[in-house]
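Here it is, the structure in full.
Order as written gives the chain letters A, B, C and D; numbering starts at 1 within each chain.
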Amino acid sequence: MSGNSIGKIFTVTTFGSSHGTALGAVIDGCPAGLELSTQDIQTELDKRRPGTSKITTSRNEMDQVKLVSGIFEGKTDGTPITALVYNSDMDSSAYENIKDTPRPGHGDYTWKARYDVYDYRGGGRGSGRVTIGHVIGGAVAKKLLNTLNIKVISHVTQVGTIKADPVDVNELETNINQNAVRCADLEAAERMEAEIIETKKSGDSIGGIVETVVLNPPAGLGDPIFGKLDAELAGGLMGIGSVKGVEIGLGFKSAELKGSQMNDEFLIETNTIKTRTNHSGGILGGITTGMPINIRMAVKPTPSISLTQKTVDTKSMESKDILIQGRHDPCICPRVTTVAEATVSIILADQLIRAGYIDPCKL
Amino acid sequence: MSGNSIGKIFTVTTFGSSHGTALGAVIDGCPAGLELSTQDIQTELDKRRPGTSKITTSRNEMDQVKLVSGIFEGKTDGTPITALVYNSDMDSSAYENIKDTPRPGHGDYTWKARYDVYDYRGGGRGSGRVTIGHVIGGAVAKKLLNTLNIKVISHVTQVGTIKADPVDVNELETNINQNAVRCADLEAAERMEAEIIETKKSGDSIGGIVETVVLNPPAGLGDPIFGKLDAELAGGLMGIGSVKGVEIGLGFKSAELKGSQMNDEFLIETNTIKTRTNHSGGILGGITTGMPINIRMAVKPTPSISLTQKTVDTKSMESKDILIQGRHDPCICPRVTTVAEATVSIILADQLIRAGYIDPCKL
Amino acid sequence: MSGNSIGKIFTVTTFGSSHGTALGAVIDGCPAGLELSTQDIQTELDKRRPGTSKITTSRNEMDQVKLVSGIFEGKTDGTPITALVYNSDMDSSAYENIKDTPRPGHGDYTWKARYDVYDYRGGGRGSGRVTIGHVIGGAVAKKLLNTLNIKVISHVTQVGTIKADPVDVNELETNINQNAVRCADLEAAERMEAEIIETKKSGDSIGGIVETVVLNPPAGLGDPIFGKLDAELAGGLMGIGSVKGVEIGLGFKSAELKGSQMNDEFLIETNTIKTRTNHSGGILGGITTGMPINIRMAVKPTPSISLTQKTVDTKSMESKDILIQGRHDPCICPRVTTVAEATVSIILADQLIRAGYIDPCKL
Amino acid sequence: MSGNSIGKIFTVTTFGSSHGTALGAVIDGCPAGLELSTQDIQTELDKRRPGTSKITTSRNEMDQVKLVSGIFEGKTDGTPITALVYNSDMDSSAYENIKDTPRPGHGDYTWKARYDVYDYRGGGRGSGRVTIGHVIGGAVAKKLLNTLNIKVISHVTQVGTIKADPVDVNELETNINQNAVRCADLEAAERMEAEIIETKKSGDSIGGIVETVVLNPPAGLGDPIFGKLDAELAGGLMGIGSVKGVEIGLGFKSAELKGSQMNDEFLIETNTIKTRTNHSGGILGGITTGMPINIRMAVKPTPSISLTQKTVDTKSMESKDILIQGRHDPCICPRVTTVAEATVSIILADQLIRAGYIDPCKL
């Protein structure tokens, strides 16, 4: 299985780079009979689109998606679903001067080491723009999850050192959609927004934490030992650009605890087996308990900053200063929420089919 | 690809459960010509073996490995390498009473939800004992890494709230082998050992953090976008039982930083391109820079504790108290280091072949 | 790995259906540095295009391919290569009447059984038109094979009961390109052409045999046991629509022979090990010998004929006559040669990388 | 996925070589709840065992299988099932003289070209003995097929130029078990047996054809485009050692026909859709129709013959005569029937799960 595909049955293969002709995805293994329209995908893409608020990059892309295969009479027909977005508003000039000078914190140097070539324009396929493919695949996956009432919501819980307070699950979505930061704690959202704008003015960037919750998952999802659900989610999320850590449930906090503090005791509630606490984050032994899944990603600050940095000229092998032009997000956390939702949805869709919860051929 | 296999070219498939007849692994895709002996594997298994110190479980298994295929005249011949360990010293009686009462923090309930059956004896295939397979595969992988001088070292950096100080890379291995905790900070190791013994006496368990460093990796390892090296490492490590978080480089710390603080600037040293700092943990854009890789796992406290806990009887659907008997580790971090080394080694071996650093058929 | 992808490292994922918006392929795992242009792909597609001679269907498609990702400064850059063709000249009206009446010999009934829906227009994804994806992938693969001087040539050796005489390998390509049947025996080609036209007039269709030769393969290709080269070639070719048999070397003839007649003896020629005969067709034990590979496909007559046939109405569950309209090939062998070349090329490209003959990341 | 594994969900990984310590298989992805005993596997292995009749090799192996994982209380528990057979009665001396002289018709030369080493003893992993792994996997698969009443029967239909007459499906199994050739036409079986004994006396070997029928398959099996059922069956069967051709339904005969002769018309019978004829062999468009599947393999004569042949000494690069000692089958068709059944069963089991006919986790 190639490096640009994810999934065993429900598979998403993405393609395209920042300044190439088009970006998109092919989704294979989606059962037939699922209602799917261009708008379903466009809605998700619009959430990730740049140029929509003063805390994101000003690159203006309409990102209109074209659905070119896999749909018959308004529903999936079991054949591969392909959707793509054609690039426009590409300003490659801003990247000419970094051809041989790898930008600190970016993949320029490492991709060049691997392939001996790197499409440096706009960051090539190392650019965050390639997440258009994730989001297209995630849009299809979300429709599948809807058939089982499973909801995936990602939101920002921290920017820099500003931490959001927990918010009741029932208000999560409403609050998130009310601010550009996509934080459920409206008060913290204001402080975060101010911090981001301040950071942008200073020419710098800032990191944060994105949490993804899965509501109403069935118990029994996860394919041990190497296909455990937490393993696949960790892999999928760590693979999103700029992610440097993934934790589930109490995560790194559990390292400090005793077993008597960490274990989630079982109980019966409305004739269903649940756990009294949910320190495990909804996954035990790599398989879901049926409790909400709770997983967080540490997102490093965007590498592209408008301050002078030191790098090397790989041709002359000499030290060199670099000042990055172009248009960049000071904090990518708000936009990454859409990508996190997409990635988690894709993995869940695949696991649901592998667990027999969704028929592989037809709904 | 099945859930019990990991890797695309260099593949490890493991089998066996805690109280079954045998546990082992089949390694496929290892090039021919690699010197490999039973002792190479036995050495690694001995590190993970229980019953070797007062801070681990007292179950005494000789864990003598038998190498039954894949070797010809002392070297691999390109065919699948199979090694297995036959179980002994199984005390299933201790598990009879938990047949229908899932233990909090364990996979009993979730595995039963998935398969409608769960070999509850000794924790079945949810037991840490199945990591025998990981370690067998890791032993072969390590031999491959040796041919390129790549070293993988895992050690304990935290137990509960006791944190080890950083230790110079050159003293890592020596120090680690000098104490049962496998911590490189010898002073902290003493305090950790005392804490673990205290915890055991109180009938409880305790968590910790395990760090794995990879020394001398080549640049260019990682298969973007979904096969990025950090993604595959995160997935592999999160999949080890009891792991609740994985971070690389500065990890979760990077969420609090500015770009100007996080970015690793490039420089030339002895005519090689390096980074001045290594906040990225050796991976940028999902591909190695050539700097040491540095990845940490949060290990939750062992779920099996000797204190009474609340659970349910899944047959009668009633609340029930449970008191776990049997022999259990109060802190699994020391033994998990071997499993982490094995897992990271396996993933690296696979990625090295996929990157063209090691020939797929013959050394 | 999904059903619409082929290959382990060099992977081709195809999409699109006969009357959908577009058809195409995503090629992943192609090393960087390979010169690749739109024309490279267009040339191959032109060979498979309908409406080019009186012995093929008259559907007129320009089939202009668009290359939308994976190329940088005229060469592959290691990222997924995507190319697609937008449909035009679709006449869906001809298919309205077969909505509920599966055509004998086609996949209408079986695809409906699997997915509970079937895009019946033009045969949906069961149509031969989907081989546009194969040919796009094959075009890229062929460029890779060129770097090692490996040549793949498919030609028609039989139409109905008319058999071609063997032709010297050096004249194969020249002769094949001189007639619409793509047969190397020019005299037999004339008789075949007459037979096909005759068959078309009578409203019927006719079968044939297509042979593919691989010239200058290296020894050592094939990934035993389940990835043997002959196994993968057989699977790839049998998967082309209308193929009902695959044989290699003497094929079914070997069933009648004695070992003393079948075995190819080894000998030295210009300091290279060769075989005196090549009854094995270039593959022994699933791995290439270095002798030319020789593999043949039995192609059944096109199911779509203009004669009345008996079928059923799946809605009313009653017997029904069917008369297929639309434009169809009386013999698909000539066009299938391009698809066979493409398929064999794709599998060889993948196997060459898996054998270490081509670097996985960069040429 | 590695070369020694087959399947996407129901996966079989085999290991072991002719004169190594043990041979076996790991079956992953088999749902829990299937009754499975050592005897189920032993019964299948006994059919393939040598030394059981005067028309097979006289190597006497008890081939007692040991089931070491995956079973709990007499049923599969969803974890990997591992079974192995320890070698005995190995006479490696007979192979010493062929160390550097590749045997014509065998994989000695090609495996050496690929791996730079070849365990020449008994043919190493190129030996037919490795099919022990196929048969172990097939035994588990057959139990799964039984739950859906699907039957897989392989039998010999031709030896040399002696062809069996067709036999009614209901008498197939009975007749096959009545003679050592495993041919359903009892009269032809006698002539075949005589021919084989005659051939053995003359020091030669002889080829044949093996047919596999699948009774009562459901409609809808097959994963287009690259996972079509006929494609996967062709690949699986061609991969069995000594197979040089695979055909389905009328196979190569269809090349000579007109569409009006080849097409299977649909009709209703006992309220089920069937085809009047079954020229397609039960598969259309790569997916089953529900009619019996009918697929044949051309098996070349065993390469090992007791007549002097010409080969080369790869060390001195000189021509050399070779006279193969050891104990060999004059015709492997009878024993190959068991391997064909196993291979087809494994592929069907996998496809049934991928089509949603069998739950992936639990029966």
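Note that a contact is a pair of C-beta atoms (placed from the backbone, for glycine too) under 8 Å apart; a residue touches a chain by one contact, two chains touch by 3 or more.
All values derive from a computational prediction rather than experimental measurement.
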{"item": "Pair joined by more contacting C-beta pairs (B-C or A-B)", "value": "A-B"}
{"item": "Shared interface numbering between chain D and chain C [over half = same, under half = different]", "value": "same"}
{"item": "Same-interface partner of B-D, chosen from the options A-D, A-C or C-D, over half of the pairs matching", "value": "A-C"}
{"item": "Whole-Å gap separating chain A and chain C, where each centre is the average of the chain's CA atoms", "value": "39"}
{"item": "Centroid distance [mean C-alpha coordinates] between chain B and chain A, Å", "value": "26"}
{"item": "Rounded Å distance between chain B and chain C, as computed from the means of their C-alpha atoms", "value": "46"}
{"item": "Shared-contact residues (touching 2 or more other chains) in chain A", "value": "1-5, 8-9, 14, 111, 114, 125, 220, 355, 361-362"}
{"item": "Contact set on chain A toward chain D in their complex", "value": "1, 8-9, 220, 354-356, 359-362"}
{"item": "In the complex with chain C, residue positions of chain D that touch it", "value": "1-6, 8, 14, 102, 104-111, 113-114, 125-126, 130, 158, 160-161, 199, 204-209, 219-228, 230-239, 241, 244-268, 271, 273, 275-276, 280-281, 283-290, 298-305, 307, 309-312, 314, 317-319, 355"}
{"item": "List of chain A residues in touch with chain C within their complex", "value": "1-5, 7-9, 11, 13-17, 20-24, 26, 28-29, 31-33, 66-73, 75, 77-82, 84, 86, 111, 114-119, 124-125, 361-362"}
